[in-house]
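First chain A sits with chain B, and in the next complex the same chain sits with chain C.
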Partner chain A sequence: MEEENKIGSQIKKLGFWKWAVASIIFRLVLSYFSENLNLSTRPEVSTPLTSLRRLAEGYWLKQLSMSPYSGSMYHGSPLLLSVLGPLTVKNIIVEYQLFGYSLVSVIADFISAVLIRATGRSLVAAHGHNLKSLGLDKLFKDIVEILPSGDIAGLVYLWNPFTIVSSIGFNTSPIENLFVIVSLYGASAGLIPLAAFGWVMASHLFLYPLVLFIPVIFLLGYGLDGPPRKLFVQSILRGEERPADHVELNSLTNKPIKTTFSWRRVILFFLWTSIWISYVLVLCAIFMREYGGLGEMFKRTYGFVLSVEDLSPNIGVLWYFFAEVFDFFRNFFLIVFHVNILFMILPLAIRLNHRPCFLVFVYLAISSMLKSYPSVGDSALYLSLLVLFLNELAEMQFSFFLFCGYVGVSLLSPVMHNIWIWRGTGNANFYFATAMAYACFQIILVVESVSAMLNYDRKIKKLCNIPKV
Partner chain B sequence: MSFLKSGFLLFLVLFSASESIAEEDKVEKLNEEFTEALLLRPLPDRKVLAHFHFQSSAPPTRTYGRHHYIFPKSIYQLVHKFQVREMELSFTQGRWNYERWGGFDPISNSNAKPPGVELWADFDVPQDQVDDSWKNLTHALSGLFCASINFLEHSTSYSAPQWSFRSFSGKLRYGMLPREAVCTENLTPWLKLLPCRDKAGLSSLMDRPSIYKGYYHSQRLHLKSDEFDTSKMSTGIVLEQTLTVVLQPNTFSGKISQPSWSLSSLFGRKVSGKCSLSNSSNVYVQFERSIVSEENELRKKHEASKNDIFIHDGSQSNPLFELSLPPIRVIKEVENLQKKGSILYEFPVEDYDESEPFDLELRWKVPVVWSCEQAPLRASRFLLGSGNERGAIAISMKSTRSNNVERVGSDEKECWLKVGIFQVVPWYVKVYYHTLELFLDGEPQSTMNIIEKIRVSPSEDKVSPGVMEIDLRLPCCVKTAALTLEFDKGFLHIDEYPSDANQGFDIPSAVVHFADFLSNMSFDDNLSTKVPILSKLQEKTPVLSYTEVLLVPLTTPDFSMPYNVITITCTIFALYFGSLLNALRRRVGEEERLLRGKAAKKTGPLTLMLSKLFSKLRGKPWEPSKTPSSSSPKSSINYKLVAKVALVAAIAAAWQYYFQ
Partner chain C sequence: MAETEPVIKPKPRPIIRIGLFLISHSLLVSVVCCTAGIVALLLLPVLAKNTYVSENALMPGSARPMLTNDDASDGHKFLNRILNLDSKPINTGIEIPEVIAEHMMELGGEVSYHKFQPISNKFHPLHFFLGPDAGIIKENYSCSSYGINTVGIIRAPRGDGKEAIVMVTPYNSVRITMGEALSLGIAYSVFSLLSRVTWLAKDIIWLAADSKHGEYAAVAAWLRDYNTLSFGDLMLYQEMCDASTSPVHEMIQVKGDVISNGFRRAGTMAAALVIKVADSSPEFGNDVLNIYAEASNGQMPNLDLINIVNYLAVHGQGLQVRVEKIWSLLDSLWLNSLGKLLELLGTVVKSLNPQWKFGIPVSDYVEGCATLASSLYNQALGVPTGPHGAFRDYQVDAITMELSPTLFSSSQRVLFLLRVGRLVEGVIRSVNNLLEKFHQSFFLYLLTSPSRFASVGVYMIAFALLISPLPLVAAALFSDASKLKTAKDEIPFKPAPLGEPVPIFTSWKWLYAAKSVLAVHLWGAIVTLLPYFLSQIPNSSPSINLLIWIVLSLLSLFFAYAVSGSFSFSSTNQPQINEWALLKSVTVAAAFIGLCLMSVINFATAEIGALLLVPMCLTVVPLRLDVKVSTMRAFLRGVCNVLLVFVGFPPAAFLLLKGAIDGFDSVTFGDFWVWAESLWAWNSATYIYICMIHLPCWVLCIHTIFHRC
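Then we have the complex of A and B:
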């Protein structure tokens, strides 16, 4: 059995590399035609925050020794500007000028996929381990086999049309996704400096990953996802009562399941976080020395994100809302919408504290739904994280309906945009309707996945309690 | 040596003292002055240019005091209140046709204006007060001229050019309203500034229907003051008011020849004497240099037959045209090697009165074809692209024939043409300045070689417009030069759209100026410096031209939808919040246990209701409990409901009562 599994996983591993290379080649081929595809101006792909065109404008202004934030074009981080800026400079010799950047985004995608795979593998291992330690492995093996969700998630990330589109669409969301995944991987593998680095960079560049603070701490404190910790305590007690029942259990109790919060790692994480934050801030301050300091940077980047100044259409719902809402309600609704993200943090953290990776997925999905300038790159990230929990979410409802919904919206949205903007035969409501449908599908996805996960926990709890009752 | 030095110093001191004494004498002589003049010029495309020029001047307050009998008080107060050093306001309707009406002479340089309102002002206040002064000035002018100049108050609508416009620095503010409609309500307050209004003098020609039916109508007010200069050379405030109209004479005169016209046929009125307050009141008829050269050729042909041409240099003997009245003076432009000068015929209005009004008539004898002098490059601007998402602005410049004349340093190899462009773009047209591309004769060029100087202040959303000032250095042999800039169209809040949102938004004209070229007319007559219009023509003015106003259509949201959008979006948010919270809150096991426990007990109406609620929340159909009396709980529920409603109403009433 073990041998077979190993062979199977080896085959799957080979498959993963093959498909990964294929996806890279596919991307490079597509990026060669990116001038014709014209994806960089699609509102679904590049937002005011992530558009590389705006970054190029900021870099150009900086070259003229003006502040890159003068004018409302660039709203990203100064670090991104100094790293990616030279890639956007127009070169007369090389006809295809942005090749450098598409290479960067392809590499970022590949690294993200590899890290997702590594995270997924450790998650699967933890899954099996947990089941074994609860003595449920036999029960489950009869029903379903454990899928290598890491490989699948990596491939889903690489082959998701959303990821492909955002990686060749000249925007910075592949980099954002990379940092989020780095942080997740670092936390799940116990590499505290890496986790801190990923989290600090992701939140510095794109603000919303700030909410990942809680799951990262849970990951470091409690370790990877597993059933509720109460069950372990019970099973250990039971195991002590009946040690002869399971031979394997004894071997496992040698390596006890962590049920206590390890403060040491969390404190280390805090330490590393403060180091990275001060490092990033010092770098930014050096960059912004002549352009108004850090205050100006915060105003132009985070202020721009929080106050939804740009009302150009995107796949979120906030742009149209703030284009239509009365001015004196604007601040109120700004607060309401942003607080909506924060409101759900605590209940989710209480209810899902034993599944920090899943919590990462839920937080990312919520923030990509409610953020002020969403793009399909965000969906690409949380969708592939969703695949990591294939084993747990096998009984999720409406999955086919959701799949159809995502496909339908991603087909309808460009059509409606074309009808409204280019042909002028439709109006803004057409496009807004698809944005709302998209928001609804995301809501259903989040709610259904959360309840499926809770049901799974319930099931495990019941199975654990069966011998008792 | 030292002796020599001290002697020289002494001399200098003496000299300067004597000069200052002379200066003071001059200053004391200064008095309020008002002059009026009308310049008429036939245009090549069978139209006539009429240029009214009124100038009032007030001596400096320091020497003259603050009471004036000619100079308009409102303008004096304006200057003093806002410390205006120089200001120009123009109301224009129609577009100046640079190809046919000329783009190189002083009149077109200073009177060809962009459509709508253009206002610029240079202040004499500390740097941090300039914006406030500008805002106050726009409001004052808006009240003074019955126009919506106050829209220039917002920081999104004006800009501070650094060097490309008027080469002032710092305290100049510039604003344009391309869509302002110009009408008599703007002309009447403008006429009120004249001492005789339109009751007497040349301004009585301004018959409203005839001046507004023209092809081009530009009413301008230029103000210059050095009141706040500390030096003694102060000349006070000079207010120059011009009205430039291009009219089509409606006299029929064949198809080839130029139409003959008279003042009465152009304006429908005649001049009955001068404004008695004006120092001079003249009518000039100008013929351009190409007509003059043609005339000379004709003369040479007829020289044998007509010997008396040189004896009477008057209109009667002219082979091309005939003027109904004899001019008092013929002013010739100084001719140099390259160009023939134009000719001005002067007619004073002073000697005419009601009984014998002044009416000048021009009759063409021979069909004449000529063309006007052109600026070295003819600039035009247009939009590229379609759709409401993005586009590009292109400024194209085509070379005209007069490219190679009057160039400074005309060495063929090192021949460069300096072109300055000043462009203001509203913030909702988000220009990507890094996409600036230059094409010479259709070939893309590296921007580094051609741009000599560039200053960009990019637009900030809802704060400031985008300003671009560029100095280009083009080779003289260039045929066409083009410059493109890409932009994204912005999306505005519904309140920011004007009432006719689907008409589109205007991008104000860009200013293209040629720094190497100065146009002026130089007259050999010394007398002409005393007449303001002639001295104005003699001033060296930089050649500049305005491009077209661009109309950018922007996407509109659905204006009727705010409530729908708010409610639907909020519903979605509520759906998210409610369903997620519900999913988190549910504890199936405990619910079941609770229900079981409840069912064991006697089911009262309250518990029944609770169980109903719980089962509803669980999504299962409610099974009525075994109790047979199903009607009584229902009625009791209703009773409870009524009691609750009554309780709430009572609380509300008590609340209301308490607060009253």
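Then we have the complex of A and C:
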């Protein structure tokens, strides 16, 4: 206990801000060398969707008053083009060409970390609050000190090698991550317009965050993560049986735990979402007026994502499969692969409806595994969200195995690529093997974390059912 | 709670049960696996298969050699002219390229000069991961240091100019030797034949490489310019270095329309042959052909190329073919007795069932072992064994053929030119038949003799057996360390007795160990980069450099310890009982990942590294534990640990190995620095392996040995 107290105090002493600033400096130093590191050409870092080189090409086409989508180079949103496009050309103010963009991605990373921290703080507060209202806080306090998981998660996000690599590798995944986190933060803090904005932008830019709709609604409807809601009902009932306890409980809890779904906030969320969607669509329509309208945009962005047109190698599993599959079956397997994500949504939503933030993590992990053009930036996001649940996942199994697997795969993958492309002694199977291993590790991570979370819920349930002495 | 409601543990899945079974018997399994791995390595010469030509299109030896005596005597005349040129006193080193170019032109080839500057060997250890051209910066050179390659190209009458075969003859333009002149003569006679034949489908490039700055540098410079958008350095530097290039300059003006001063190219290269003639004659009466194939980072050319050269040399021209071997192993007693044992085993097996072919004669086995050891060592070094190494960086299959002739009179020389010329002609004719680039046969193999090889499928078994205990032991240690805690953790929901620390986060405890392992590996990166600064110190001897390197590494290690100690979350003043077990478990896991990674990059390095690293990592236990127990077994274990750790230190291992092979009186302290310098100068991944995987694991083992517990 003393030791753990020490840990907690040391983490507090460690200082979030000190380390955050250090990570920013580290990034800026690395981005100075980024021309030599040449990370933007690595398939692990930049995908056809997120590559900044493609964005620069699209911007250039646009400057020549051609459609930015001509030539199948650019596949992102037109809004991104008009915001980030000017940063990709040489200008007088900054001598170094892409410095502007690396600054943007560093700032995006920093804001993301701060928002993760804020989310984590409210999660920890909710955690303690829930325990108190269940009357378990005394039991837990003797054993466990609640770690400031928000601070740790923010630092993990900032210092994760995946984040660093994708931040200095000139791609737009830091921005994607930022919007996802904005939406999560908005929903957990009850800022409905912000949540709607983050969700709409993230889904507009990168399509897959669409599935976050369900957890965001749960977050707004039920509030932050907590033990299953029927436990509260039971504990309140039990509290009524034992008046003395009840008084104590009431004195401790500031407000009663919400067990009902608040429809008002959800409807507000719908309202704001429709406002933001129409706003974004209008902007896009204005942009695309001369280049074929919104239909063209949908075809070139979402169509490109869904039909897996670009089969250049990446760390996902789809490129290899669709390079091998007969054209005749292509459509069938496209449907199978995409429905795979959708299949998992409903059961998980039912099982984990009391833990919407955790549900966000699970959805992000699953979609980054089955996505058509994944990059390491996606795993950077879900790994730091995982750390938010440090207190709940303390008993997670295979953590060491998973850690070794992630390290091994992320080192092996560039080597296999080198052997295939540069040395010619390997072939595509070598590289794909690492991609499969990576997918397997992600599956194990999801399975183990979900089962650890459910075990934690079971434990709490058992503790609640023990008659208190 | 535990008493009231006994937890019903669900039966784990079969795969997990197998895993648990293996983990619980990890000691036995690891001993068996390690022994099996070493035995499998020693069995490789027995398991090696005979080579065969895998690509049908090659058809070696199917055509009658067309090289006649006339071609050979032409080559001899050319050779004499070059030798006479050399003996003239007013020799500036420029004439030989001129003469070669003249002869090439007479034969109807297109000729161009390629001027190059040697690129000094720099420290760029990450070169491996960035394509072949990264990080080369042009420097200011003095004009006199130019080398001039002469390049002659025969356009194929039946080809489309998209593919080419390269012949390389390195020679020193300042002082040409008899052997170099002979190799030029061979190339000339082949070139003269090929300029007449009608069957050529691929262009022939003859590169007479100026080896004034080393053979490799000349070939590498030419290849770099061939594969990049360069238009020849000659044009660029003509004004700058007018004086020194004047003879070439004149010649260009005289025959300007024939000799191009630009860079001439043919198509992509299908294969390259480097022809060298050694000056020393062999001890036997027969001409000997030595084949060198190892390129950078243990890459090998396609086995088919070696096969056709071997086939044509042995069956066509009756040459004796050899690959490098470690001679001192041939007389070693234990290898001979092992060979005898295997031969005996082979006869026993044969008497049981005549169908089973197992076992080879003792001499074959010993020779196979010596060749295998040399093959492993050369691949592990990652330093190319000849100019052919430059080709492999561009995915061109190439070998060096070094001939040791027995010749005295000029008629014998002509005969020699005829034989070798026919061999080269045959190889070129075979490669000429190729429709695609070499892909049928193996790229990953070890040679046990010129005609026997162990492919990746066979030698991987030895390696896999050797490293398979690592994850098992890591898992076993990890689960033991966790179990000890969970035993305490059984009563987590009762108020803890005062003073007894109740651990939580049992499944995350390894993070502390992982942190120190990470810190040590980061320290390894610093050690890797230190020589970059040390090599800038002028006029220092290797031993002093090595000393500074070691001292600086130690200082940075203490610094790393201090830094990681100050951030350490666990209280260091009361070390946990099984802290070392977790640390060892993480170390073993890191060693496993590192060895797996290295086996993909350079198998031979990983194999040799595993032989040193695996026993050390597996046996290491804190000495204090051994001292506490003080039984015979514990004492033996302690001694064994100390010995293994001593041998595991890279400089110690290197010096011991060198001493064992060359004799201990020739070994000096600075040798390791020289060796390491050669590794990084050649961009060998072995250097990175030693500094970033082997050394950190060794440091962690030391840490475990001296752990307080």
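What we mean here is this: the second predicted complex is superposed on the first by the 443 of 469 C-alpha atoms of A that agree within 3 Å, B and C clash if a C-alpha of one lies under 4 Å from a C-alpha of the other, contacts with A are read in each partner's own complex, and residues count from 1 in each chain.
We adopt the following convention: a residue touches a chain if its C-beta (ideal position, glycine included) is under 8 Å from a C-beta of that chain, and two chains touch if they have at least 3 such contacts.
Note that this is a predicted model, so its numbers are computed, not measured.
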- Task: Pick one for A:Asn340: touches chain B only (first), chain C only (second), both, or neither.
- Result: first
- Task: For A:Phe110, decide between first (touching chain B), second (touching chain C), both and neither.
- Result: neither
- Note on the structure: Max touched-residue count on chain A (chain B vs chain C) belongs to chain B
- Message: After the superposition on A, what does A:Gly424 contact: first (chain B), second (chain C), both or neither?
- Response: both
- Task: Could you tell me if A:Leu61 is touching chain B, chain C, both of them or neither one (first, second, both, neither)?
- Result: first
- Query: With the two structures laid over each other on chain A, which partner does A:Arg351 touch: chain B (first), chain C (second), both, or neither?
  - Reply: first
- Query: Looking at the overlay, what does A:Tyr438 touch: chain B (first), chain C (second), both, or neither?
  - Reply: neither
- List the residues of chain A that touch chain B in one complex and chain C in the other. 422, 424
- Query: Of all residues in chain B, which touch chain A in the complex?
  - Reply: 386-390, 427, 430, 432-434, 446, 454, 456-462, 466, 488, 490-495, 555-558, 561-562, 565-566, 568-569, 572-573, 575-577, 579-581, 583-586, 588-589
- Item | Touching residues (chain side chain A, partner chain C) in the complex | 1-4, 6-7, 10-11, 14, 38, 139, 142-144, 394-397, 399-401, 403-404, 407-408, 411-412, 414-416, 418-419, 422-425, 430, 462-463, 466
- Query: Given the complex with chain A, which residues does chain C contribute to the contact?
  - Reply: 1, 5, 128-132, 299, 395, 443-444, 475, 478, 492-493, 495-496, 501-508, 510, 514, 567, 569-571, 585-586, 589, 592-593, 596-597, 600-601
- Please name which positions on chain A make contact with chain B in the complex. 41, 53, 56-57, 59-61, 64, 66, 70-73, 90, 92, 309-313, 317, 319-327, 336-337, 340, 343-344, 347-348, 351, 369, 420-422, 424, 427-429, 432, 436, 439-440, 443, 446-447, 450-451, 454, 458
